[in-house]
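Pasting the structures in now, so scroll down.
Shared between the two complexes below is subunit A, which pairs with subunit B and subunit C, respectively.
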Partner chain A sequence: MRKGQIIFLLFSISFILFGLNLLLGPVTIPARTLFSLIKGSVVDDLSRNILLQIRFPQSVTAILAGAGLATAGLLMQTLFRNPLAGPDVLGITSGASLGVAVITMFTGAWIVYMPQLGVLSLILSAMAGAMVVMLTILALSQRIKDNAMLLITGLMMGYISSAVVGVLTVYSSAENLQAFTLWGLGTFSSVSWDRMNYFAGVTIIALFMAMLLPKPLNMLLMGERYASNLGLRVERSRFIVLFCAGLLTAVVTAFCGPIAFIGVATPHITRLAIGGSDHRILLPANMLIGASVALLCNLIARMPGVEGALPINAVTSLMGAPIVIWVVLTRHKRKYL
Partner chain B sequence: MKKIHLLVLIGTILIATLFNACVNSEHRNSKAVNSAFTIVHLRYAREFSIKKFQTYKILEVKNAWDTLHTLARYILVSRKIPLPQNLPEGIIIRTPVQSIGCTTSVDACMADKLGVLSLINAVAEREYIHQPIIDEQFKKGKITEIGSSMNVSVEKLMEANPEILFVSPFKDNKYGHLKQTGVPLILISNYLENHPLGRAEWILFYGAFFEKDVLAKKIFDSISSHYEHLVSLTRNLSHRPTIFSGKLFGNLWYMAGGKSYPARFFKDAGADYLWANRPETGSFPLDFETVYQKAINADYWQVLEFYNGNYSYQNLKTEYPPYAHFKAFQKKQVLFCNTHYRDYYEQGLLEPDIILADLINILHPGLLKNHQSKYFALLK
Partner chain C sequence: MSTNLLYTTDLGIGYSEKNGQKLLHRHLNLALKPGELICTMGPNGAGKSTLLKTLAGFIAVQEGDAFIHGRSIRSLKEKELSLMVSVVLTEKLTIEDFTVRQLVSLGRYPYTGFFGRLSDEDQKITDQAIADTGLELFSDRKLSQLSDGEKQKAMIAKALAQETSIMILDEPTAFLDLPGRIEIMRLLRHLAAHKNKGILVTTHDLEQTLRFADKLWLIAQGKEMVCGTPEDLLLQGYIESFFAREGILFDSHTGCFRADEDYSERVHIIGKGITSYWVKNALERNGFKPDKNNSADIHIEITTGDDPEYIISGTRDNEVRTTSIESMLHELKTYNVEKQIYTSTLE
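Take a look at the complex of A and B:
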């Protein structure tokens, strides 16, 4: 298949899943109603509100969060040349959590409820936390050449962040603790329309930034010496990639809470699907697959047709963890990464 | 041979059942059946039992997760008599106990009601305990802080060395390591009771350790008769407003089951709880949409929030804008309790009658004369 066809196919899958997310849910809404809403005709208030105020923002959030986390995962895997790198595996998400913990514990729970200032400080603190962990891992990666060791270091960074969060929670007020715990559960329904422009704005900018990076990424994948021989300014490229991945992890984590496994698992599905590691196609395909995975997880968590629901992170972990295990088991067979 | 065995077995079971039936029917009023023991009749509590023998009492805590076994058995023997021979198996406690450790604020409330606050010499989570005497005693150095309820410090507990320590049991027991201190752990599973009066009736269990059985019974009777009086007011009301409770927690809405503690309050307050038919005694997770569809036109919405400050409709709306679509929100009929200022989970356990009165006063205005609300009021 040619590049265009693959992208078109993946786009169609995402689009269908988006449609299913709008159509299916615990409350039965006939497809007819959805179409008349799109056409602009009058529909009953309940269906209209469920579609426009609940399902639509939730699906858009899932698309952006999925694409964002998947891209962050891909950038990290290429940068570290490690198939197990990803927002949550290397402790980046824990770093973001630490940032959010610090800001909620010290400034108070109001920050979570504030529409503008709160959101901004939430992103910045998540970003700061994520960047601290990423920079540390990057610095360590210069000295530690063994990927397994790097991974262990990343896990340890995650543990340290979690431990600091643990200490903070002991000494914080019950109210701040509650706000933080709530955030830590993870959900795609936390981004309502009045926050969507912030979330969508930052995520889309970061995704665009990532789309400009396929060339340096391809070079980095071949090794740093090779990349610098080809004329790449390795240090600078590396920083841009890192910044982009950190921003994506931070913004998604700040708004949706820590979402497990989508970041690390999606790039593997993408490589398997397109059978190569050329970032010119890998990047957009990965975004679309990330969006599809998040939409699928959201659909499963809401359990259409049944009175009940599942925590979103349980679903993403159940889907993502087997993929990671498969990667570990079949690693030696694959050429790329 | 086998048949004889079987007959003997069946015979034994029959006799045991008959005897048991006699004991149960006779014991409704705590009367002695024979000189062996009397069972204290409990009206609402299901998770413990008290048997009175001539020289001792047996307190048993049921195992909610494994009904074939009891979770704990305590043998209470008065200090005034020498320890009787051939006591049954169990943890022996000499009563009245002279020092106690509390791991939850509920324990402190119970001790307060029974007039034995001064016996407390160890507390966990002091910040949630609101009795001023505790603060005073603490400043005088008479009370040791022993950590949090989920993480009691072994060393601090040994230092305080109370005669007994009240703890809340969980399915996977987190208190095993405390056994090495030698301080008997008294398991309090009152939170598993599904009837508000069942939780309050645990005061009888606490009372036994201080030989305050009579006082405990008096306190409980006063609570239950007030509660039952209120129920009699609402039982035959024709208008029963619809109600639902809770909020989103992450992507899930944990709705109280139909057999749960809040559901019972709603029923007794003369409301029609929307999920009353669900069999759960705890809560169950729902997607927001499900709640939205079913509760959009409900008359009332109950919200409990721990919030430092003035919680308002604006807070609810900022948290999740679709909350504002509920009719209860639009008509400003949100029953609200700010647990930062109101001890709903602590003191409230011993005041189910007052909680019920609060609910009735809002759901059926005018039914109660001159009621001052303590826990619940309409959100402003």
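Take a look at the complex of A and C:
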């Protein structure tokens, strides 16, 4: 298949899943109603509200979060040349958790249950925690030249954050703990229209930045020495890749909570689907597949007939973990990421 | 005399560490000319790779300087260096789902724009590099489907596509079988001669070095580096001295190292040609010293003809005729055992 055809096919799949996300859920909305809404005809208030205020922002969030996490995972896997690397390897996700833990457990959960202010405080604290870790990693990356060492440092940062969270939970009330746990389950529905600008703005900028990186990424895939021999300024590229992946992870985690496995698993699905590792096609294809995976998970989480919604993290883990197991089991056969 | 592609002035190689430098070699004055294939040899840990990495710009020059196309390597940026030196390294590849063409086209990256899009010219040069390495039939195959030798050729094609005057290869034949080693070295020889490139290779393969290299650089820890035409270095005894180790002998006739055996018996071989050569080989392996002198106790005469016979005299009262080297060896070993029993009964 030609590059254009692959992208078109993947785009179509995302589009169909997007449509299904709008129509299906606890309340099924007929396609007719959706078309009327698009045409600008009169639609009953309930359907209109469900579509515009709930499902539309939720689906857009899923698309951006899926594409963002998948891209962050791909960048990490290529940079560290490690098939099990993902958005969370640098400890950024744990940093966000720490931020949320601090805000929920120190201020008391009341802030979380405040309308508007509650979600906003969660987002801001998660973002703050993620940024602290990310800036630390970026600063360390200037000193630590060896990628394997940097990877280990990132993992350790994650452990430290988790440990502090663990300590905090001991001193927190059951109520606070519940608020924190809820955040940890992940959701695509916390981005309302008034916050979409920020979420979509940052995510799209970072995704666009990633789309500019196929050449350095292809070179990095050969290893740092080969990359440098092909004229790449390895350290600068590494900084840009870390920054881009870190920003995507931070913003998605801040708004949606820690979403597991999409980042690790999607690049493997993509490599299998397009049968290669050339980032010129891998990057856009991976974004589309990431968006599709997130939409599919969101769809499953709100399956018609299910009371309420399943936690998104449970769904992504159930889908992602088998893929990661498959990656580990077949690694010796594939000889590439 | 053609100008040097690369030369060094009092180059010191090694690593900088927290508490100063660790210098492996100092005062290296080396030169690489167009059309030359240079092999660097030395025991493991001697600094071969460090030298190569320094000349490829991967690690910093510790003292002195190295000049590529007359410019100090200290002042060259990655981009500039990528147009002058290409490398083939020992690193494990993680891009085995690239096709040969995709891999080779990466060699064009220094010439492409921001997104690495290949121009028609780039495609042409990529195809040419694939053709030059004899990989036309493999160009759309994935690297994971290639043999080690073909993979190595693909890496060389990548380096060729980079169109640099200097190619540096770190142990390109290390994991290859003998025909593969010869093929790669012959390819490099060909590229040096016909593309006028200066090629620098590290290897442990003395046989191929003596066959293909224009120059040999010998490097060992605690010794001054020696450079010269391989045959000169062999005759001057440098090769032997650089690899000297207990129990290992260097045979300057064959240019091979062999284990130093305790010989029990001298054997005089009467015969010529290939059969005689391999009889000698079999005898040496089994602890008999082949001897040109007929003062030895045992003589082996090789008859000429399509089915040579090996006539052994001196082991028994009569001559023993055998038709294979195996039965000949059996006879000699039996004799040896009997002789030992005999000597021990005398004592």
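To be clear about the criterion, the second predicted complex is superposed on the first by the 254 of 337 C-alpha atoms of A that agree within 3 Å, B and C clash if a C-alpha of one lies under 4 Å from a C-alpha of the other, contacts with A are read in each partner's own complex, and residues count from 1 in each chain.
FYI, a residue touches a chain if its C-beta (ideal position, glycine included) is under 8 Å from a C-beta of that chain, and two chains touch if they have at least 3 such contacts.
The structure presented is a predicted model; accordingly, all values stated were derived computationally and were not measured.
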| item | value |
| --- | --- |
| Partner chain in contact with A:Asn218 - subunit B first, subunit C second, else both or neither | second |
| Contacts of A:Ile144 with subunit B and subunit C, given as first, second, both or neither | neither |
| First, second, both or neither for A:Met196, with subunit B first and subunit C second | neither |
| Subunit A residues touched by each partner, larger count belonging to subunit B or subunit C | B |
| Partner chain in contact with A:Leu46 - subunit B first, subunit C second, else both or neither | first |
| First (subunit B), second (subunit C), both or neither touched by A:Leu185 | first |
| Touching partner for A:Asp278 - first (subunit B), second (subunit C), both, neither | second |
| Subunit B and subunit C footprints on subunit A, overlapping residues | none |
| Subunit B residues touching subunit A - in the complex, by the definition given at the top | 148, 248-253, 284-290, 292-293, 296, 306-308, 315, 318-322, 325, 340 |
| Touching residues on subunit A, where the partner in the complex is subunit B | 25-27, 46, 49-50, 53-55, 108-109, 113-115, 170, 173-175, 178, 182, 185-190, 192-194, 257, 301-303, 307-312 |
| Subunit A-facing residues of subunit C, complex | 56-58, 78-79, 81-83, 85-87, 89, 91, 93-99, 102, 106-107, 109-110, 112, 114-116, 144, 162 |
| For the subunit A and subunit C complex, residues of the former touching the latter | 81, 212, 214-215, 218-219, 221-223, 225-226, 228-234, 271, 275-278, 280, 334-337 |
